Every structure is written in C-alpha cells, then in structure tokens.
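Multiple structures follow.
One chain, subunit A, appears in both complexes that follow, with subunit B as partner in the first and subunit C in the second.
Entry: the complex of A and B
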C-alpha cells in the first residue's frame, strides 16, 4: 500500500510536467496547424537558461525561473516571425521540414554552446524531503508541481476569459472567418507560438534543477509531448492536461507493478488502445487534419 | 583570361590535393568512435581527451615505424546506428587500418559486424558485455573488463560490505543487463539474497517508479549500472524518496568527482567500482605511467572527474600503437596478428590479451585491475 501511494504521488508530480509539455504543443498545433518539432529544444533552452542564470550568473532562483520563461517566450516569437510567418499558407509538409531543420540546428547550437557534459543546477529548497508516513517527496518537486499547475490554470483562464483567448478560439474554429470578423490572425499566431514556447521553456526550467541538463534532453520530452497530444486529441488543452496525467500514471504503475523495462511501452500501449476506440483522441473537438 | 584563371585554380587545387596525400602518407591514421554528443557524451569526451594525450606522447617520442600517428575521431552520438555509420566512414572513407571504440557494449556490438565485413581490428576501451568477446569475432581486442571479471573481482571483497539482500537498477541495454546477470550470479554463489532487478531506459530522467519499487523490496544494497548522468539522477532521486540502501555502482563509468559536484550530499556513502583510481596513482601497478598520465591531464586543464574514463583512451591508443609497432606495417591483418603478442604498461596495469570465444575465431580479452572507492563527506576515499 505504501508503495502504491508513493507511485501515485510520483505520477501526479510527473503528470504535472507532462501536462505542461503537452498543452504548449497542442495549442500550437490546434491553432496554427504547425507540428512544432522545436518543442523539445525550447524545453532544453529553458533548462539551459535556468542553468546560466543560477550557476555562472548567481541570480536568485525564482528570478532566474521568470527570466528563463520570458526568454523562451521571446525565442518562440522569433521562431514564429522568422521561420513560420513567411510560410503562411504553405502546405504542412513544408512547414514540418523547416521545423525539423530548426530542431536539429537548435540542438547542435546547444551542444556547441554548452558542450555535451551534463550540468546540474542548485536549488534553494531544503535537502531533506517532505516525509508523510512512509512516502516522501522533495520540496523542489512540490514547487515544480505547484508552478506547473498554476501555469496550466493560467493558460486555461487566458483562453477562456481574455480577448486574446477569444481570438485564439475563433482562429482555431475557422481562421478565414475570424480574419473577416477583424481578428488579427498574424498577432494570434505569434502570441500562440510564443505562449506554447514559453510553456515548454517553463517545463525545462522547472525540471532542470531536479534532473541534469544536457543538449539532447529535449528528445525524450518532445516524444512524450507528442504522445500526450495524440492521446488527448490534437488541439485540446483539456485533453493534453488529462493526457499528461494519464501517461504519467500508466508509466509509473506499469513500471512499478508490471515491468520497468517496458515503462515507456506502457504509455504507448494505452495510446494505441485509446486510438482504436477514439481515433481522434480523448477530447478532440473536430476531425484531425494532416 | 577566364580560362587561365580556371586553370590556375585547378592547378592550385591539384597541388593542394597532392600535398595533402603526401602529408597523409607520413601519418598512420587511427580511427576512434566515441559518443561525443548525446546521453553519455561526458564519458566519450573524456576518453578522447585521454586518447589525445597518448597521441601527443607517442608523436613526441618519434611516432611509430618512423611515422607520426593521427587520430581520426568520429562522434557516434550515443546511438548504436550512428556507431555503425562512424565505423563505415572510418574504414571505407579514411581507410584506417585499426580503430578504437565504441564506449558502450551496445555501440560496440553494433559496430562488430562491420569489423568482420571489412577485416579491420578494433581495440575496445570500454564495454563490459560478455557477448563482445564470446561471439566469435576475431577482430575484437578488449582492454576493459567483462562484467563477469568485474563481478568476480568484487566477489573477493564482498564480505566487507555486509550485504544480506541486494537489489539492482541497471540501464536497459547489453551493458546493464549483462552486469546484473553476472553480479546476481556472483552474489547468489556467496549465499546473498537478490531482491528486485529493475531496468531503466538509457535516456530516462525520471526513475521514481523504479526507486519506489526498490524501496519496497526490503533489501539493504542497491547495485547500479549506468553512465554518470543517470547515476547522478539515481543518487538524487533516492535521497528524495529516502531510500536507505547502500549504493554500489559497477561498470567503471561513475566519475565520483562529477557525482560529488552534481549530486552533492546525495553522493555521500555511495561506493564505486572503477578501473583506475586517479586519486592514488602511486598505488597503480605501473605508478610511473599512471602518475605521468594524471599530471599531463591536469596540465592540460581537463576535468579531474574525467580521469576514470580518460585513462581508457590513453591505454587504448598505446595498445594500438604497440600492435602497429609489432606488426611492422600499418596493415589491418598484420595488426590483428600482432595484437596477440603485445604487452603494454598501461595506466590500469599491464595489458595483454587472452583468448575468449569459439576456437578458431577467438577475440582478445585483457584481464584488468578493479578498484573500489567510497564517497565520504564529499571526498573520495579508498576501500
């Protein structure tokens, strides 16, 4: 039972990061129809910025976190402006190839800038974990979970209740009609991409101090994010949130009670089963394209 | 005018090419395939730094067969598919007569069929899966210990750890699974109980599920086999979950100084099997060689934490050059034959090859030394 509770706790916390990774990706795909292959690199970028601010520059941990996320937003906006804006109206394959190119370039730049040796980031939290009975969790992870939850809720609120969110939803439903109604599509696109990128950078900046930071860390993160988006339904923020927690739960319990060797397979097995019965994913609002 | 300019350019190009090939003939190329990027990049880079020290040492003392040696280093990107591509490039493109590689059992095993196909020997500086020297590939000469040798060597000292029940957490590849198999066998032969044997993907960063399971097994010691990056994560996450197990890492890739730097207090109390203990080079079998190597490493400003990996590159290149010298020519077949007779005074100890694997197709295997160190209060101490 103790082991079960520990697994559930681990899964909840892991699910928070997964959800954060997933919603950034699903937003961009849902609204822009762009498969963002740089998602994992924005995550890595966030982690390296966190490293740079906390370790060599010795900034305050929490200030560093805010700066890392803001820089992720800026980088995302730049990618959108430089690479995607000129490709408006191009077919999905062209954009996909450009984004794959950007992914490889960014990963190699990270390698060049920081070398392949993993970096670790100090954190201001107590070394001893929080212990409740026989289960325990580090303070750093609790902090990560709290911030991730706040960011997910914030994103939700932004889409639901702000003018920008309304414009995003309108663009999601039908970009041409939205444009005719006076929605500035280009601004919506750049805001969406910047927001999605910021969320990815936030995931990296939050997770960096818990794990270690290295140039290819984004590959696995991106793979999980894609899985979560497919599971939750392309373009669905609620789907990605719930999908993130489901994937974490499957992995954690699968590894704990079936076999840790097939930990990653458990999640994907679930995705296959769900897609068999709901080909658009759990929460997709309309048919998939591409 | 245009055509003469063109002709001039062509002539310059041709001259350049001739110059290059004349230059190339003065050199003996040695291919190196290491993970310079990706999950285990730290280790691969250290091995290359060690190999470069050997290259300078050898060239400073006049090279081999009257020629200088040149390392052609390729990045296998911590990926077995890329490892095969690097071997193909080195052998077919650069025409190297011998190579060193490929850091992990998985990458080495992936490269091995290429060695058979083209008939080029490879000195394996790191890789512990038994399969490498027992699958009947006569082009393989391994200087690092097999998991079986490591387990046996540890077996002679297992008493001092007072283990009652051991659990395992190993990377899910040939290296990790091979190590857990051999250590389980050794422990059982000593009457020690074995609890759970958990695996993790080489890229995995969240190991909480595995650690929760180990915690529940009720053992007292956890054997870990993986690279330093994943060992760092295990130490940190074990502390988070308050795992009480004593941790012992195998495979020699734990870089204790890096663990102290990156895992901090979580590294205290952990034990590590190593094939070189750079903190005490004077206790190595060839103290002169080991001390000189450590001093040169420091002089070059390399990371001290990398010495436990870096020495492999040094010993590997020294072994290859001894083979080329004994062969009398830079020819793959001749080097393969000559490697059987080499006796190198390396950093780890004396390097020589015994035969392993099916008769007629034996691979060469060295019997290296194994050390155990403990991290206490943020410092490495000898066991």
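Entry: the complex of A and C
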C-alpha cells in the first residue's frame, strides 16, 4: 500500500510536466492546425537555457527558470513569424515538412552548441526529501509540481477569461467570423504558438534539474506529448491535462509493478488501447479548445 | 455613404463579381437580390474586408476602404452579419456578444448596449451563460444580429438573414431589421426572398452571374416584368 501511494505521488508530479507539454501542443494544433514537430525542441531548449543560466552563468535558480520560459516564448514567436506566417494557407504537407526540417535543424544546433554529453543542473533545494510516514518526495519535485500546476491554472484562466483567450477560442471555432469581429488572426496565431512553446520550454526547464539534459531529450518528450494530445482529444485543453496525468500514472504503475524497462512503452500501450475503443480520444466529442 | 465602383472579385480563375457598382445613402435600406452564385455574398465580403477585391474601389464616408482589413472596416463602422449566422457555438451567448464589441473599450457603453439587447431579446438574457450552439435557429439569428449591433455600427451588412428559418421567424427577422434601420443604422441586405427584400427596401440591385442587370427602387422592381418572372414566381 505504501509503495502504491508512492507511485501515485510520483505520477502526479510527473503528470504536471506531461500536462504542460500536452497543453502547448494541443493549443497549437487546435487553433492553427499546425502539427508542431518543433515542440520537443522547445522542451530541450528550455532545459538547456536552464543549464546555461544555472551552471556556467551561475544565475539564481528561480530567475533562471523565468528567463528560460521567457526565451521559449520568444523562440516560439520567432518560429511562427519566420516559418509559419509565410505558409498561411499552404497545404498541411508543406507545413509539416518545414516543421520537420526545423526540428532536425534545432536538434543539431543544440548538439553543436552543447555537445552530445549529458549535462546535469544543480538545484538549491535541501538534499533530504520531505518524508511523510513511509512516502518521501524531493523538494525539487514538489517545486516542479507547484510551478507546473500554476502554469496550467494560468493557461486555463487566460483562455477562459482574458480578451486574448476569447479571441483564441473564436479563432479556433471560426477564423473568418473572428476576423469579422475585429480579431487580428495573425496576432492570435503568434500568441498561441508563443504560449504553447513557452509551456514546452517550462516543462524542459522544470525537468532539466531532475533528469539530465542532452540534445535528443526532446524526441521522446514530443512523442509523449503527441500521445497525450491524441489521448485527450485534439484541441482539448482539459483533455491534454488529464491525458498528461493518465500517461504519467500508467508509466509509474507499469514501471513499479510490471517492469521498469517497459516504462516508456506502458503509456503507448494505453494509447493503443484507448484509440481502439475511442478513436476521437477520451474527452472530445468534437474537436474543441477550452 | 457607401460607394462601390467597378468591383471585381475572383476566387482563383473563377470570377464571382464583375464590374459591380452600387451606392448606398445614409439611412437607406438597400438589398441585393439574385440567384445562388450571383455574387451577392462575395460583394458583401469584399466590402467588409474578408475578401480582397481584384479590381474596383470601395468608399465609405469618402474614405477609400478597398482591400482594408476586416478589423479596419469594422473600426470605420461597418458590421457584417454573415450568411448562416456563424455564431461561435462553443462559446456562451454572452461571450458571443462580447466578441461583437471586441474593438470597443467603453465599459459603460458596452453594458448599456448589452442590456438594451437583453431587453429586446429576453431569451438571450435567459440563456446568456448557455453555449450558443444549443440555441434554436431563430435564437441563433437573434444572437448573430445582436452580435453585429454590439459594435455600434453605422452600416450593417446582412447576408441572407432569413436563411433556414421557419416562416414566422422570417417575418420577425425582417421586422427586426426594419427596426434597426428605423433606429438610424444604414442597412445593406442580401436576400433570396426577393418579394420580402423588395417590399422592405428603398433601393435594390439585381445580380446575375456576378453582374448588376437591373436596379431601382423596390416598388419599381416589383412592377418589372423580368423581375416578376425570374424572382417573384409570376
């Protein structure tokens, strides 16, 4: 029983970052109809920025986190502006090829800049974990969960209550009519891509100090993000959140009770099963955002 | 108030509107009638800025608005109530109305207008926090019209407001549009229901294959043999 509780706790904490990854991807797909292959690279970018600020530059850990996320937002906005804006109205194959090219380019640039050797990032948290009864959790992970939860809640609030959020939802549902209302569609697209990228960078910056950072770390993360999005239903933010937690739960329990060697396979097994029975994903009757 | 000269619109190689000219004076209700594919909707889209015209010139209050963005046109005071209502189905009724006044920032004016709309259409107030997609067709049309009004336009473009509505609702919709005109808003309306359109309007343009083939006052056109034969079933 204790071991079970420990697994559940670990899954909750991991699920937070998975949800961040999934929400970013689902927003971009839902609103822009762009399959974002650079998503994993934004995650890697966030992790490397965290490394750069904390290790060589010796910046404060928390300040480094904020900077890493902001730079992720800026990089996302640049990708949108430079690569996607000229492709508006192009067919989906062209956009996909360009994004795959960007993914490969970014990954190689990361390798070039930081070498292929994995890096670790120091953290300022106490070495002794928090122990409650028989379960224990490191302070670093608690911090990661708290920040991820705050970002998820913030994203919800933005979509639900702000003017930008309403413009995003209107654009998702009917871009032409949204334009008739005075919504600047191009601004909505750039904001969406920047937001999604910032969330991916945040996931990388939060996980970087817990795992190690290496150039291809984004590949598996992106694959999982796609899985989460499919699981939750394309375009559904709530679905991506819950999907993130389900995937983490599956991995933790699978690794704990079956075999840790199959950890990453568990989630995908679950997705195959869910898609067999609910091809639109768990939470989407129709594609939607919000 | 609105002047269109030599407007030509094309989708790729297909020309939808050819050399169309029309004029709307302040306070008028002008209709465009014609069969499917005659270019009525494209004309409205070109005016409101969602379709870039290939040729021609559109003037509003003496300002050239040819090829201006939808946002810029709306800012000038032209609202477009599109064909098929096009409400945002997953957003609440209130959110739909809020999008109607997306460019306004006068909070007091907005809540005043919102209240005004709720007084006029109590059903919208009753359902204000319901998803707009759950409304009936007639209610959705009320919402679409109200949403267009929320921008406080001086000119509204209505595209087929009676489309897909039950006969009693069609009548009600036309009453609402007349009321809007009586309130001082200029109206341009595209309508398949030629009889109603001609009875309602000050001036009408008949479109065929993208060109204006006839124009005149509503009563003139109602008496016109060709119009009677082609559009009024007699």
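Here is the rule we go by: the second predicted complex is superposed on the first by the 285 of 290 C-alpha atoms of A that agree within 3 Å, B and C clash if a C-alpha of one lies under 4 Å from a C-alpha of the other, contacts with A are read in each partner's own complex, and residues count from 1 in each chain.
We adopt the following convention: a contact is a pair of C-beta atoms (placed from the backbone, for glycine too) under 8 Å apart; a residue touches a chain by one contact, two chains touch by 3 or more.
Keep in mind the model is a prediction, meaning the values are calculated, not measured.
Colleague: Can A:166 be said to touch subunit B (first), subunit C (second), both, or neither?
Modeller: second
Colleague: Look at A:174 in the shared chain and tell me whether it touches subunit B only, subunit C only, both, or neither; answer first, second, both or neither.
Modeller: In the superposed model, A:174 contacts subunit C only, not subunit B.
Colleague: Which holds for A:220: it touches subunit B only (first), subunit C only (second), both, or neither?
Modeller: first
Colleague: Once chain A of both complexes is superposed, is A:15 in touch with subunit B (first), subunit C (second), both, or neither?
Modeller: It touches nothing on subunit B or subunit C.
Colleague: Just checking: does A:182 make contact with subunit B only, subunit C only, both, or neither of them? Give me first, second, both or neither.
Modeller: It touches subunit C, and subunit B stays clear.
Colleague: In the three-chain superposition, say which chain, subunit B or subunit C, touches more residues of subunit A.
Modeller: B
Colleague: Could you list which residues of subunit A make contact with subunit B in one structure and with subunit C in the other?
Modeller: In subunit A, nothing is touched by subunit B and also by subunit C.
Colleague: Note which residues of subunit A are touching subunit C in the complex, please.
Modeller: Touching subunit C: residues 163, 166-167, 169-170, 173-174, 176-184, 288, 290 of subunit A.
Colleague: Can you list the subunit C residues touching subunit A in their complex?
Modeller: Subunit C reaches subunit A through residues 48-50, 69-71, 74-75, 79-80, 82, 86, 88-91, 95, 98-100, 102-103, 147, 151.
Colleague: Once bound in the complex, which stretches of subunit B touch subunit A?
Modeller: Touch list, subunit B to subunit A: 36-39, 41-42, 44-45, 78, 172, 198-201, 203-206, 208-210, 212-213, 215-216, 228-229, 232-233, 236, 239-242, 261-265, 303.
Colleague: Show me the residue ranges of subunit A that touch subunit B in the complex, using the header's touch definition.
Modeller: For this pair, the touching residues of subunit A are 2-3, 6-7, 10, 14, 111, 115-120, 127, 129, 131, 136-138, 141, 207, 210-212, 214-217, 219-220, 251-253, 255-256, 259-261, 263-264.
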